[in-house]
Amino acid sequence: MTDIFALAAANLTSPAVLFFALGVFAGVARSDLNVPEAVARGLALYLMLAIGFKGGVAVSQQGLTVELLLAALAGVVLSFAMPVIAFALLRAFTRLDRATAAASAAHYGSISVVTFVAGSEFLQMSGMVASGHMVAVLALMETPAILTGLMLAGRAADGPDARTRSELLREVLLNGSVVLLMGSFAIGWISGEPGMARLDPFVNGLFQGVLALFLLDMGLVAARRLSGARKLGFAGGVFGIVMPLIGAGLALATAALIAMSPADAAALMILAASASYIAVPAAMRIALPQADPSVYLTLSLAITFPFNLAVGIPLYAAAARLALGG
Amino acid sequence: MTDIFALAAANLTSPAVLFFALGVFAGVARSDLNVPEAVARGLALYLMLAIGFKGGVAVSQQGLTVELLLAALAGVVLSFAMPVIAFALLRAFTRLDRATAAASAAHYGSISVVTFVAGSEFLQMSGMVASGHMVAVLALMETPAILTGLMLAGRAADGPDARTRSELLREVLLNGSVVLLMGSFAIGWISGEPGMARLDPFVNGLFQGVLALFLLDMGLVAARRLSGARKLGFAGGVFGIVMPLIGAGLALATAALIAMSPADAAALMILAASASYIAVPAAMRIALPQADPSVYLTLSLAITFPFNLAVGIPLYAAAARLALGG
Amino acid sequence: MTDIFALAAANLTSPAVLFFALGVFAGVARSDLNVPEAVARGLALYLMLAIGFKGGVAVSQQGLTVELLLAALAGVVLSFAMPVIAFALLRAFTRLDRATAAASAAHYGSISVVTFVAGSEFLQMSGMVASGHMVAVLALMETPAILTGLMLAGRAADGPDARTRSELLREVLLNGSVVLLMGSFAIGWISGEPGMARLDPFVNGLFQGVLALFLLDMGLVAARRLSGARKLGFAGGVFGIVMPLIGAGLALATAALIAMSPADAAALMILAASASYIAVPAAMRIALPQADPSVYLTLSLAITFPFNLAVGIPLYAAAARLALGG
Amino acid sequence: MRRRPGWRSEAEAMARPTRKKLVAIVESPHLARLLALLEEAGATGFTVLDGREGRGLEGEWRRNDVVGAVEKKVVIAITNAETAEAVLTAAEGFFARYPGIIYAHDVEVVRGERF
Amino acid sequence: MRRRPGWRSEAEAMARPTRKKLVAIVESPHLARLLALLEEAGATGFTVLDGREGRGLEGEWRRNDVVGAVEKKVVIAITNAETAEAVLTAAEGFFARYPGIIYAHDVEVVRGERF
Amino acid sequence: MRRRPGWRSEAEAMARPTRKKLVAIVESPHLARLLALLEEAGATGFTVLDGREGRGLEGEWRRNDVVGAVEKKVVIAITNAETAEAVLTAAEGFFARYPGIIYAHDVEVVRGERF
């Protein structure tokens, strides 16, 4: 128990979380500090490449296991299912219109790569090393929620025409981050240890530094998005904190059901609790342009992301350990 | 012999080649994966700085040798000469107009930095370490072919005026990649081992990771350029594969003539086989704007580059080893 | 003494200085070599993050000392005071108008982060390791000079209105580089050795390579700014070399007064001698738009910066050692 | 030497024709659709620029975001009057559904036959 | 379904109204001030683009500089005539003090009531 | 205080002069040449923007390429009528040889004497 508090405290004083806080501070204080968007995207590409590759190398040593298949199935089911709960909550407790509620709900079925990355670092620090294949689960969970979200939005008069459907399908199956994560995962798997010997200083040495710089930018972005919080109202704000807890709870139950290791369960909880900020917003702008983007972006970036980073991750890790032993 | 096949297979499963393939896949599937151009240029600058510097440090330990001078001479002669063959082939077997054929031919006399970089990595992996001074040969081979290309295009009615000539001369002598490669080479030479002690984690540690990320982008670019392949016709496509083989053959003969080591010979073959995609296109847009850029860019980026990366490099290395012993 | 010359020579053949020279050469020769601005800003962010963090980690081991407080006080006083001298010199010896002279003077009270970074590397190479807290002094010295500069410009008819004043205040207190330096310093201090264990390959391994690439760009920028040198006249050019010497002299005297170590004194001299090229220009464009930016940018980037990098830094280190022993 | 299409002697060049310049500001996810709309209406070319930041009915956006979904692009197309009319008509429906604006005005061009 | 403000049926769309396009080229440090000026004059939206390089009375600049202070931005705003007049009048003072230029011209718009 | 050239009192500002806005879309390797053409014709300033992607007679291009040679830039110059005429005339030859387009239209400016 004291151990848990020590880890939570260590999390709050880790460079990654502190750089995020610095970004928030700079943004709120309206400093002119900023990260050029090309640099931010370059850092994001790096993080996806590195995490995918490392996961693939890890799997190359274990081979294709039943655990992988079960975890993938669990992730996909969660991604499809969570938006239903989110939608029900939003419609019951907030005054968001149907489209905006459905679009927001879709974000919670999907995942946030940087939350997963920060979570993996925390787990490693706590001696809970998740399986490499959780990266594949990450990629698989990115987009199913989009479909649920659209179903929840209902068959509007101007529902997706043929062109929109094809654009959407590409977004779901071939979204850049899905392709890069899955591709890097496959490359890690194929090239295995010899591949890692070549890329090690790149994918491991730099990892935490790049994460820190990226989180600085995430802090700036979150701060800028905070101005949208007024629109959410109190209930909306609470949703942004409660929904990750529900997602994590569902994930823990699922993990128990399929007898995951505590570390893998914690990783699945982090994925379930996190909300998308890349793949889903893009899909929603295409399919549900009438939904208000400032609502879902504020929820995802300015409320749920900071909550998970600062509080959620250590909490989920502790819960997984308590519930599943280890 | 089995050794050669093993190395060719190892090449195909190396992270660099696999990331290129991932880029091609993403591009062909029209995923929205993309690398911001500022990031791609930053990676290219890094690769040139690192390869130049490493070459210079290597030379600082050997001093200025006859080998360097002979290799430089061989490279410059090849760069001047190869476009003549390329032009003759293109005029004989394709229906490209004179200007487009001449412009395309010039690309094959020049070199591709990233092909050389990938080739050097392959050679190193195969235990064939080329001399540091091959980097100087690389830089020297970049632009002489431009002059041959212009001669082949002939003295058109609106041939280069005084302003164009001066712009061209600057492009030939002071092209950014020539200056950076040569400059970094000189700096490596001057600062030697103590310099390397300072830059080692930067120029060596990151090298293969940056190359992988850059090749991902090259794959995206190659895929986008594939659409231009229809214009080339069958003969044009075949040229994009045969010409590198001819270039490599010429280079091997030249290397034998001046008694190069197998590793240096392989490096020279890679240079001869590769086609420019930076310095020559820019020069051709200035001097031969009537030549069709989609022809030469497709040839260089979508046909010759992938061929060299996947098949050519191990082939040239094997040929050099077979022909020159070692 | 011979030791000093050896170090000065080593400085001139260090990769950092040579890459700067390469940039100047490419710029003067009008090569098309260029570093995308997003990359340059990314490198600058990295350097500030790394130097701030390293300083903070160093301080986490010493704690808050009287030395820190004295050094900070000395830096702030110098930053306020130096513009007065610079202004007097510029008004006495050049024909610059009041606003331009005042704006230029402000640059010399402030500091240049990259000069400090290059200087720290030189000091380390010479076995003079400055205290970590000099980074805090760096950040504190960035903006006080802005206020002095504005006072020197005098109360013009269209002096700062309420809006300008608030914009300026934010620029002085929350300038991006101040926030990033101070923030990274604080994060280094808080996360200490465990934090450094995570970020080490990022903030230390890459440091000199990133610095080299950034200096290449600084060289290109300096060369482009050289065209503004004609406007300065002879007296202006001389000022750009004399003023850093005066600043360094003042800093040495101050350092002696408060009994700084030779290494810290050298660092303070470097700070005093350097001229701002980010925070102060931005503030001057806001508050003194009538001042001619090509004057102060040429002075800072094309004269004082190269002088300090090539000659000043070793000179100040030698002077600190001679005057303060060690 | 190959002459670029639309090349004319200097004498012909004197009377410069008038064409329409269309400018649309659209969100990145809808760019492909707007370009398709232009093409269907018969536009022979276009140029796209990156927006940096902006404000409209749906509030503010800026490119310095981790999120690309609300970024805006500026699309320029020079067309003949007929094509412009077709684009503007189609754009009514487009901009009723998607964020952004479109406007048009006359411009004097050289090599008018190419638009 | 939520209709975006300014939505009209196709029939209504035929007569396209005229509005003013304002374009200002300003230096980064003065951008916020220009945008405030636009807002005070009643503009309902704007779009900012990054400049790459340029030349004017104060000499040359280019974005590829380590120094952000002399970078220029291009600001586009479609407004009604009244707002345009107010902006141009206020801009006289602005551009007497700060570098840059401003100009205006008529454009045909769709959904005219939103400007 | 130094007044920027072209400064005028508010009373003088009322009658706003008309100038020409020229816009050229050119390929990066030819930018320097186009800017020289502008300068020779007497233009007092210009602003260059980066293109992101586009299509024309020579096919598609996009900035996200490793190859800079086919990137396009957008050049804006406000000039007086005479200079505009000279530029457009010279541009006939330029755009017969090089890819890209140019167009012009009237704009209302403040501080008209500076163009």
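A, B, C, D, E and F label the chains in the order they appear, each numbered from 1.
To be clear about the criterion, a residue touches a chain if its C-beta (ideal position, glycine included) is under 8 Å from a C-beta of that chain, and two chains touch if they have at least 3 such contacts.
Only a predicted model underlies this, so the values are computations on that prediction, with no experimental measurement involved.
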Numbering shared by both copies at the chain F-chain D contact, with half separating same from different
different
With chain centres set to the mean of the C-alpha atoms, which chain is at the far end from chain F?
A
Per mean C-alpha coordinates, the chain lying farthest from chain D is C
Matching the CA atoms of chain E with those of chain F requires turning by an angle in degrees, to the nearest 5, of 120
Gap in Å, rounded to a whole number, between the CA centres of chain E and chain B:
46
Go ahead and note the Å separation of the Cα centroids belonging to chain D and chain E.
18
How many angstrom between the C-alpha centroids of chain B and chain A?
40
Can you list the residues of chain A that touch 2 or more other chains?
34-39, 42, 158, 201, 205-206, 282, 290
In chain E, the residues touching two or more other chains are 4, 49-50, 97, 99, 105
Where on chain C does chain B make contact in their complex?
10, 13-15, 18-19, 22, 25-26, 29-39, 42, 201, 205-206, 208-210, 212-213, 216
Can you list the chain D residues touching chain E in their complex?
23, 25, 49-57, 72, 74, 88-89, 91-93, 95-97, 99, 101-105
Quick one: which bits of chain D touch chain A in the complex? Just the residue numbers, please.
27-30, 32-33, 36, 58-59, 62-70, 97-99
Per the touch rule, the chain C residues reaching chain E in their complex are 34-37, 40, 44, 158, 163, 167, 217-218, 220-221, 224, 228, 277-278, 281-282, 284-286, 289-290, 292-294, 297, 301
How about chain B: which of its residues touch chain C in the complex?
36-39, 41-42, 45-46, 49, 53, 170-171, 174-177, 179-180, 183-184, 186-187, 190-191, 194-195, 198-199, 201-203, 205-206, 282
